[in-house]
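Shown below is the structure under consideration.
Think of it as A, B, C and D in the order they're written, each chain with its own count starting at 1.
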Amino acid sequence: MRRRSLAVIGTALVLGAAAAGCGNGSGSGGDGDKPIVVGSTLSLTGAFAATGQIHKIAGQEFVDRLNANGGLLGRKVEWKVVDDQSDQAKVSQLYERLISQDKVDLILGPYATPNILSAMAVAQRHGYVMPQHSAVLAPQLTYDCQFPAWSIGPTPNSFIPNQLFDAVATLPSPPKKIAVLTSQSGSAAFVSDGFGDDKSGALSIAKERGLDVVADIHYPPTTTDWAPIAAQVRDADPDLIIDNGLGVDAANILQAMAQLNYKPKQMFGLFPAPGPLLALGDEAEGMLSVSMFEPNKPTLDKLGPEATAITADFTKRAEAAKLPYTVFETQAAASWNAWEILTDAVKNSGGTDQRKMCDTLHQKGADTTFSGHLTFDPKAHNFWPTTQSIKQIQNGDWVTVWPADRAAAKLEGPRP
Amino acid sequence: MIRRGGIGLLVAFLVLVAVGAFSDPLGLPSFYLILLGSICFWIAQATSWNILSGYSGYFSFGQAAYVGVGAYTTAVLSGRHGVNFFLTVPLAAVLCGLLALGVGAVAFRLGSLRGEIFALLTLAVPFILAAFARINQSIDGGQGTTVPVPEVPDAFGSLPELQYLLALLIAAIAVAAAYAIQHSRTGSALAAIRDAEDVAEVLGVATFRYKMLAMLISGVLGGVAGSVYALQIGFVTVESVFGLTIPLFVIVMGVLGGRTHWLGPVIGAVLIVTLQDRLSSYGLDAWNSIILGGVLALLVAVSPDGLYARLRARPLVSLGSLVVVGGGLAVLNVWGEFLDWLVVGMLVAALLAIVLGSRWATARLPLGRRARTTAEPVPAEPAIAEPAIADPEPAEAEAGTPGDEPGAVLVECRQVARYFGGVHALEDVTLDIRAGELVGLVGPNGSGKTTLINLLSGAFRPTRGVIRLDGQDITRMAPHKIAHVGMARTYQIPRPFDSMTVRDNVAMAIMFGREPLPLHRARPIAERHLATVALDHLADAHPADLNLHQRQLLEMARAIASSPKVLLLDEALAGLNPAEVDNAVRVVRRIHESGITIVIVEHLLRVLNQLATRLVVLDRGTCLADGEPQTVLNDPAVIRAYLGRQAHV
Amino acid sequence: MSEPLLQVRDLDVRYGDAQALWDVAIEVHEGETVCVVGPNGAGKSTLVNAVAGIHPAHRGRISVGGVDVTRLRGHRVCGHGVAIVPEGRRIFPRMTVLDNLVLGAYRKSARRPHRETLAGVYEIFPRLAERAGQLAGSLSGGEQQMVAIGRALMAQPRLLLLDEPSLGLAPVRVDEVYDAIGRINERGVSVVVVEQDVQRALAIAGRAYLLGEGRVVMSGPAAELRDSAEVRRSVLGL
Amino acid sequence: MNVIQATLTGALIGGLYALMAAGLSVTWGVLRIINLAHFGLILIGAYLTFQVATSWHLDPVLTLVVTVPAMFVAGAAIQWLFDRLRLTEFNSLLVSFGLLIITIQVTSNIWSADFRRMSADVNPYATQSVALGRLVFPVTTLVAFGLAALVVLGAHLVLRRTFAGRAMRAIAQDRAVAGAFGVDHRRLSVLLGGVVGATAALAGMVFALSNALTPDTAYEWFGTVFAVVILGGIGEVVGTFAAGILVGVLSGVVSAVWSPAAAPFVLFSAIILALLLRPQGLFAAGGVR
């Protein structure tokens, strides 16, 4: 018995000592020769891992190029990236470690909205500037030194449906009956149902525009059997199917409909994994989605040789990593933007002082390769005027088709 | 002793509180607070799981249900309806408590649910709750809820400090609850349920009530911890709280640390969380799950008792290796940082404890501190030889002739029948047993003797008929109530509570008897009963260290400890050698002389012939003969039943 | 005299730390019927289970047809021609009668001729042919005993061990079973019968062993034991 | 119409559930091992199908030539290991859970966590179907149903008509007596493990035919497959098949007439009811146990 209480006290003392003794953990340096360390987590395993991979390859490519060109402020840049296993609970712990224990100089956000929200709280506590690639729901991102690298403007829940409806309205025979499928996931459902008190989303906007919503189906993100959904859609036979879902949802729904011998007239998928849709071949032809960047020839020609080299290098790296889809598109471009926001802040403020970096970004904005010059308005939670486009699968490839000034090809309507 | 352990816990808690409160002056990076907070969360969850699954042996896969309901209560109420965070915590506790009681009422009402079926049933619960939350989008608005940061009271400083202190408080409450339960009657009851549930019931433990209590405590703790978890993650979705990760981790921690002791899950949680942090710090994330899975598989295969038991067996080696390895690394300071040293130290200590505790090592190394069965020879005969109890000239007075007072009728069986499907195990048995009798119950195999014992003790209910004990109708009573009326029994194959010492085995019967006593008062009485069966010298041993005869004596001691009016002995002499039989017979006589009426099932007619005051012969489920041993054994019908129907006498 | 078919010497058997048999020695010769009698708990079932390989021996030697089978793993013993009708029959209740019987012919040399063997079994127990497709668990006790015996015969044993074949059966059925045992023995199969129904067993056996508290108390021609006071004392404990 | 279509496709998809559940059910019933690693074998079977079909441009159904032997060996090896360890039924659940976690992580390390899907040119089945008026039968689910029916029929015949099959049923009912008649349960359990591994290869192939693969998919099978095993009755192959169809129809119809989110709610409530009212399974009759 005495031993047991000794053990208890011992454990407590050890833990206490742990806490007390860690002050001398890692030295606090700031020498000119030391590399600048950037810390972040990515979902390299688990539910969000499919996209986490892309950000890892793009980020590594960015760091390599940066160092090849002399680094940042004459110092090498080192990227410490940790796997958060798509587990939201791990994210805050890992960022806490990166900042307060590993004492990284800079941080970048993780991937996926819930994770970004967790990381943002930690960054805010420590006053760190946090550029992030993929959270677009502006009202949630309240920290003024959080900088989005992908913007759908301040109200994405109404912007996306409006942009889509605007685009399809230009078709010779615009859709009248629509079906809305919604994944019950925080990253997608707001485009159908709105967010918080703002109830405007695809469902309400469709009604405002006089469209007939013939099917409204919400499905859990864990859905594996798509046949019942496909059958309902087939029976409703809409002119346009909107799938506000993620990952392989759109591909699975398309395939399930194909298996029912049903070819949808036109379909839109919100945030699909691009590869699996292309793998469907002819079935996915004409599919619509949102995009921030597609490496279409006209676009690349406009951006210049640097952009072409970056996208080509990415493809090579992605092939080496055996990614199924190796094209540098929206996610990779968002990643690139985030890095450029971060490095611009350091360059323009002349150091890694977080407050200065944050202020500099608010004052001067940042220059990016793929989205041009960005300005950050703290009132809109730093969400810059969007460059969001609509893309379409044409002849087995993703092409930007809307709005006209950024389009690389013409939007195609349903095939007869 | 209880107090000293409690003081240890209190000191540990205060040290950790101080660490949180003075983290700034200590120069403590906030990461350590977050890590400690995370450890505390998992300690609370693993402990909550352990109170049900470890203590009572009902393995649950449904921990996510409590975390989910707790987190959702807090997230939805504070995030969507503006309720104060601190008010949502007790609400989460209440909701999870109700949920636990509901699941328990469904699962335990159907008595036969055990093991994997209970596990699968609990696995289904979070699935249902998750689907429920998704169907009713009005609960979370269909896309998860942000948990607003509560106003941090001035005393707490920053939010991380508040989060840490909250997590610590809940972990402390959970561990204190686990500690208190383990050292209380409830803990003993749950351990007995885990070791042998129906024996516990027959001994007087109201098993249903205790299982429900464990469910309730587990649910409340899990829910409160889940509610604080919502604050930690900040944004709650169905996937993040109702998934498989939480039950998986909780099970790994519980199994790793050890399920029978309050400290087990604590050890498991500390080790797993810090190990995971170190692996990820060194970029070994791809190995994280492989190591976790490997640890689980290996540990269940090699040391199913968990680390705690192994560590406790060698506290000096364990603590020493932790201090030497961890401290050595710290002093050398050539590699890593504090957490690395701590984790390496803990791993070395754990590994040493496992290796040294393995069968291979105990057999080969002379270090055996308390090697079971082999090292501590328990001589059968010498121990029995002279029990130091007042027993003048054992059993000289009566050799077959009973106490001359017939006594009042104590047990009445009226037309009792029991069928199993189409098999008629007992058919209309009518029988009276009077106070002071020692009735031998005999009959060929399959004649229904054990069935009758099971009916009398309440293990089965009769298909037909009435049984009364001391005037009370016990026909449909729960076994533990029958025990309280005054019935006790032993089992043909002894069924001790393996996790308890011999003394505590007997003390169980006193703690849950007609006049319940706390453990510390039950123990001295237990020793008196052990002396009656001449087992007092083995009071500190565990049942596994006893031989068959000693285990059977333990059964008797445990049975008489509940001070029964009637004692049912089911083949208490089977498998013994002649010397042991003689000793057991002396013990039975002594028990009988102390005024307990006995019904004994036995094959050895030569023994019963001398011992019993009356013989009842069963054959094919009916009463064939009843009377004085000599008369009965000369009854032609009895001889036919035993020697075969062609016997000519 | 030739080497016995079954020879058991110095056999100790334990269940955990409970010892059930001490120094037991028995012999069965080719073509013999031997019975083992004794009170409940004397170790009769333990003895046949040890011989059949269901329960391992702790010490001693068991040989069948001159081959030492003591250390063989359970399923190898039957390859030497031993088949058992276990206590309580232990048929496979959720298999049909036919499947129960055919399973008996599982050992290699019994498989090929199993159709002929089956015909032989049906000859002894015609009722089993009528019940072939029924689930064995749904049969009456007597029929189940026939299944158990038939199953053992399917293994084409040289030595048949019967453990309490009369247990729980109505007298008429017991007569049938014993009648069958006699006919099986006539076909050249050596038989060991373990019985509580002492008189019954002694009536059909040539030689007998009396077991008491795990030891052989007495052995000799069955007739001798039948009249022995020792048997009565042992079984009735008088 | 909608409901009829949902019922039909549900029933066909039930074939896949049955195919996944059959092996789990039989090892549980005969060998008293709850082998969660079976999900890992299905996962590897699916990835191997994807890999072999993609690299060698082989028809995915023909990949069985490679995957079935490979999974047979893997299944037999796992069973051999379990036999050595002498685990209780419950500990087998924990140990095999550990193995499953390892398998999933290894899969993720080899194939990455990204979605993998056979492209349309190697996998012609993904979008084909057979139509009967307005009613349509997708080819992948027909394959699943056909294979499940074949496996169940085969297992049924083997268990009933062969010595090995009878021996397995005998071990399930009374291992000691079966041993006394020459049944070597170690050899049989390794053999059974191999066969069960082979069914995992079939299930994996069927799954890969119509789905994108990620390592985490294995966890999503848990609920449904256990539902099938329990409803079907542990160790009952025919029952498993019937339960697979029932579960498929139930979730299909609930998804169609109520909501896809409601399907798990109805399904798992049904399981709890089934566990309480008929713990031996809805279709338990004349199986292995």
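The working rule: contacts are C-beta pairs under 8 Å (C-beta built on N, C-alpha and C of every residue); 3 or more make two chains touch, one makes a residue touch a chain.
All of these numbers come straight from a predicted model, not from anything done at the bench.
**Q** Determine which of the two chain pairs, C-D or A-D, is joined by the larger number of C-beta pairs in contact.
**A** Output for the comparison: A-D.
**Q** For subunit C versus subunit D, what separation do you get between their C-alpha means, in angstrom?
**A** Spacing between the chain centres: roughly 43 Å.
**Q** Please tell me the distance, in whole Å, between the geometric centres of subunit B and subunit D computed from their C-alpha atoms.
**A** Their C-alpha centroids are separated by 35 Å.
**Q** For subunit B and subunit C, let me know how many angstrom lie between their CA-based centres, rounded off.
**A** Here the centre of subunit C sits 42 Å away from the centre of subunit B.
**Q** Give the residues of subunit D touching no fewer than two other chains, as numbers and ranges.
**A** 105, 108, 259, 261, 263-264
**Q** Which subunit B residues reach two or more other chains?
**A** Within subunit B, residues 130-131, 134, 286, 288-289 contact more than one other chain.
**Q** Give me the residues of subunit A that touch two or more other chains.
**A** In subunit A, 44-45, 47, 184, 218, 220, 222 touch at least two other chains.
**Q** Could you run through all the chain pairs that touch each other?
**A** A-B, A-D, B-C, B-D, C-D
**Q** Considering the complex alone, what residue numbers of subunit A touch subunit B?
**A** Listed in rising order, the residues are 1-16, 18-23, 25-26, 44-45, 47, 82-83, 85, 87-90, 92-94, 96-97, 99-102, 114, 117-118, 121, 125-126, 140, 182, 184-186, 188-190, 193, 195-196, 218, 220-222.
**Q** Quick one: which bits of subunit B touch subunit C in the complex? Just the residue numbers, please.
**A** 444-446, 547-548, 571, 574-578, 603-609, 620, 633, 638-639, 642-647
**Q** Under the definition above, what is the set of subunit D residues touching subunit C in their complex?
**A** On the subunit D side, the touching residues are 160, 163, 166-167, 169-170, 173-174, 176-185, 286-287, 289.
**Q** Okay, in this complex, where on subunit B does subunit D touch?
**A** Of all residues in subunit B, those touching subunit D are 59, 106, 110, 112-113, 115-117, 119-121, 123-125, 127-128, 130-132, 134-135, 244, 248, 251, 255, 286-290, 292-298, 300-301, 304.
**Q** Would you mind writing out the residues of subunit A in touch with subunit D in their complex?
**A** So the residues of subunit A touching subunit D come out as 44-47, 49-50, 52-53, 184, 217-220, 222-225, 227-229, 231-232, 235, 247-248, 251-252, 255-256, 258-261, 273, 275-276, 279-283, 321-324.
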